[in-house]
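If you scroll down you'll find the structure; I have some questions about it.
Chain nomenclature is as follows: A, B and C, assigned in order of appearance, with residue numbering initiated at 1 for each chain independently.
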Amino acid sequence: MRVKMAPQGPEVSRLVYGVWRMQEDAQGTDPQRVLGKVQACLDLGITTFDHADIYGGYRCEELFGAALRTNPGLRQRLELVTKCGIMLTHPARPQNWIKHYDYSRQHLIGSVEQSLRNLATDYIDVLLLHRPSPLLDPAEAAEALRLLVEQGKVRHVGVSNFTPAQFDMLASYLPTPIVTNQVELHPLRPEPFLDGTLDHCLRQRILPMGWSPLAGGRLMTGHGEAEGRTREVLHGLGHKYGVAPETIVYAWLLRHPSRILPVLGTNQPERIASAARALSLSLDTQDWFAVWRAATGTEVP
Amino acid sequence: MRVKMAPQGPEVSRLVYGVWRMQEDAQGTDPQRVLGKVQACLDLGITTFDHADIYGGYRCEELFGAALRTNPGLRQRLELVTKCGIMLTHPARPQNWIKHYDYSRQHLIGSVEQSLRNLATDYIDVLLLHRPSPLLDPAEAAEALRLLVEQGKVRHVGVSNFTPAQFDMLASYLPTPIVTNQVELHPLRPEPFLDGTLDHCLRQRILPMGWSPLAGGRLMTGHGEAEGRTREVLHGLGHKYGVAPETIVYAWLLRHPSRILPVLGTNQPERIASAARALSLSLDTQDWFAVWRAATGTEVP
Amino acid sequence: MRVKMAPQGPEVSRLVYGVWRMQEDAQGTDPQRVLGKVQACLDLGITTFDHADIYGGYRCEELFGAALRTNPGLRQRLELVTKCGIMLTHPARPQNWIKHYDYSRQHLIGSVEQSLRNLATDYIDVLLLHRPSPLLDPAEAAEALRLLVEQGKVRHVGVSNFTPAQFDMLASYLPTPIVTNQVELHPLRPEPFLDGTLDHCLRQRILPMGWSPLAGGRLMTGHGEAEGRTREVLHGLGHKYGVAPETIVYAWLLRHPSRILPVLGTNQPERIASAARALSLSLDTQDWFAVWRAATGTEVP
């Protein structure tokens, strides 16, 4: 199942595979293992892969790129999303003595060029500014992004974790439209459903990407009251629809009218399949609200 | 006193009579009693009546309609506002097992057609979406609303309890403008005066409707500190202007530049008259701020 | 260093001198002392002076005007900003029995005419509405402002302490653009950097003015944990860059891409010079975030 991310955006798959935990894979990170997961995704219609320069301590892009190099025809069957702008204090970046952001022209261009080398590709489908910075200079960032798009190194520009105000501000400086906002979206975080974040995406006719669809695992294993209540409902609905509880979570996200693109973080092919099952499941409206009530702890007003 | 609700909106009366407590009327709900209250409103220039499908356990519209049937000429002298979208768990709706919202095409059209039958009329002047839903599909709702307007069943579309972000999002899908936002407005709830809700109405050139102008009675009988402080000021101003304290509350709302349309909820004709007295009373600016200070507990910054 | 406040706004100096503490000057307020401070500013390229009708208990404008009268050629070398709308309870305004706001046509016009007399000038460069009022009638205020601009008494209109929603609402009624929003800006108040206030200025292409750049002295002498942490970093950076810690604060504000115009409040010429030194200092990005982290108490996400 393929969708347009934005009126002038790329075609992507409805589910996105995120590599941010690739280094934690108990079965390793050699090209064959990575290719196996990529192929498992492709077999399920998942063609869009979500990266960031910093994932895996600045290593994940490169591991993915090494796999792509072994199968050069693969690149054209995929869409690659990556991110830039977060400056970690990390051995790989000894010049960073404090965590900060950098959206200077020099850093943006250098970061994209490094990502291209890492990913063994000559273009990024969607480049995301990873987090809003209180020091983002929109004119300077826009000029660098314009150049990267003009050179074909970046096909589309998006943002991540931006408020609508930050989005609109940056958009007013960019010559091309912002094609997505990737935010944390799951039942235990109802705020974006109410505070204007998803309304803003709907108004802009762009599809939000949703990170941590299972709340980083909390939904399945967390010990809090909200986790417990929600899990109970998810189990009941899993039983009703004949699927795993986590499939219900993906179905819950997919049911939202903003057409959320959930980003899966698992390293287990069977759990990728479990997510993909949600694509053919249409959750009943009252069931949707049952998850909402369990997660928020109250019925709607 | 009549006003335009929006540049392309209906003419309405400055005060609106709300029927949501009609079933609690100690003197009953037979057509003669209802007609008596309608006539009391008309005599005071109040021609706009505020309904919802759910009021009185899905019964109020019907009781009002029964009264209209006894006097068929009355309809054209009134403006009828009604609402849809809240799905209560109630014996009258056994299919609802959890409180939720429904703005699907099927439900919107069915709900309006039921309201038309209940109210014994062939058009609704203003249909409001009763509450924002985290699951509202704006494209689907807009299509249903477009159809209802085209068929003449609904003359104007509005919303209730929407944030500016939710309003703007929906508006971007509708072919006709949203003509009002009905929100809870009274001195004990200063938020909408500061958080952009009323600024948004002013910017859109639409008049807000204000529900619970007396804070559901709390202003007159509540035991909290804010209630006590505010009541003391209202009594003092009532004495100064020679009116009842509740008349001061209506005058306070009417004084706001957004031209709030307060929705009265009383079943007692003498209290409708008490509200109407506010139409000829212009509250002094410092008196307005005295109510504000008492209600918020601090002077302005 | 001169900048345009807005595309259709006035040219102003990058640092603004604020007179609100003029009456506290231990060396007095006679015209010679005032002229001395004005000359100290001009020598440093500071040509813009920030007033308000209420400063010094409604006295500061007049003291400044008395100084201007002794040197009539001076006026054309300065830009004068003043404000209106706050109604204090003060012996000079016995009719005010409660602190409130007044943006009625009559008050706006009367307030500006009084400011012109006080300041011994026939025009205000920028008139600011001092605070948003829950009772501001934008149509009435806009009409009065239009008249004042047409008569040449006010050259540009701005606001102070407005939210973006309040700004946009008022702007939609004004025939001329709002050229600035003066808000409280310093490291101990990170909200405007995140909540859309500065994003809104960037989007409108207007420069924000920043009041209390040293947090009213708290940054230099406050006893809280955030103050202590921040002061330590400021001292370290002062040492690194060879300037006073307060120069680092001004450099921190000047480094922001919204091109904040800090409003200095000191009466000591040597501290005006200390601020002006920031104009030639470019703070390193990581140093900027070190101040941010100390002030907020956490690293960025």
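As a working rule, contacts are C-beta pairs under 8 Å (C-beta built on N, C-alpha and C of every residue); 3 or more make two chains touch, one makes a residue touch a chain.
The structure presented is a predicted model; accordingly, all values stated were derived computationally and were not measured.
**Q** Linking chains that touch, what shape results: line, ring, star, complete or other?
**A** complete
**Q** Would you kindly give the rotation angle relating subunit A to subunit B, two copies of one sequence, based on a CA superposition and rounded to a multiple of 5 degrees?
**A** A turn of 120 degrees brings the C-alpha atoms of subunit A onto subunit B.
**Q** Give a one-word verdict, same or different, on whether subunit B and subunit C use largely identical residue numbers at their interface, taking over half shared as same.
**A** Both copies touch with mostly different residues.
**Q** Could you give the separation in Å between the centres of subunit B and subunit C, each centre being the mean of its C-alpha atoms?
**A** Inter-chain centre distance comes to 42 Å.
**Q** Spell out, as numbers or ranges, the residues of subunit A touching 2 or more other chains.
**A** Counting only residues that touch two or more other chains, subunit A contributes none.
**Q** Considering the complex alone, what residue numbers of subunit A touch subunit B?
**A** That would be residues 164, 190, 193-196, 199-200, 202-203, 255-257, 285-286, 288-290, 292-293, 299-301 of subunit A.
**Q** So in the complex, which bits of subunit C are touching subunit B?
**A** Listed in rising order, the residues of subunit C that touch subunit B are 96-102, 104, 131-140, 161, 163, 165-166, 168-169, 172.
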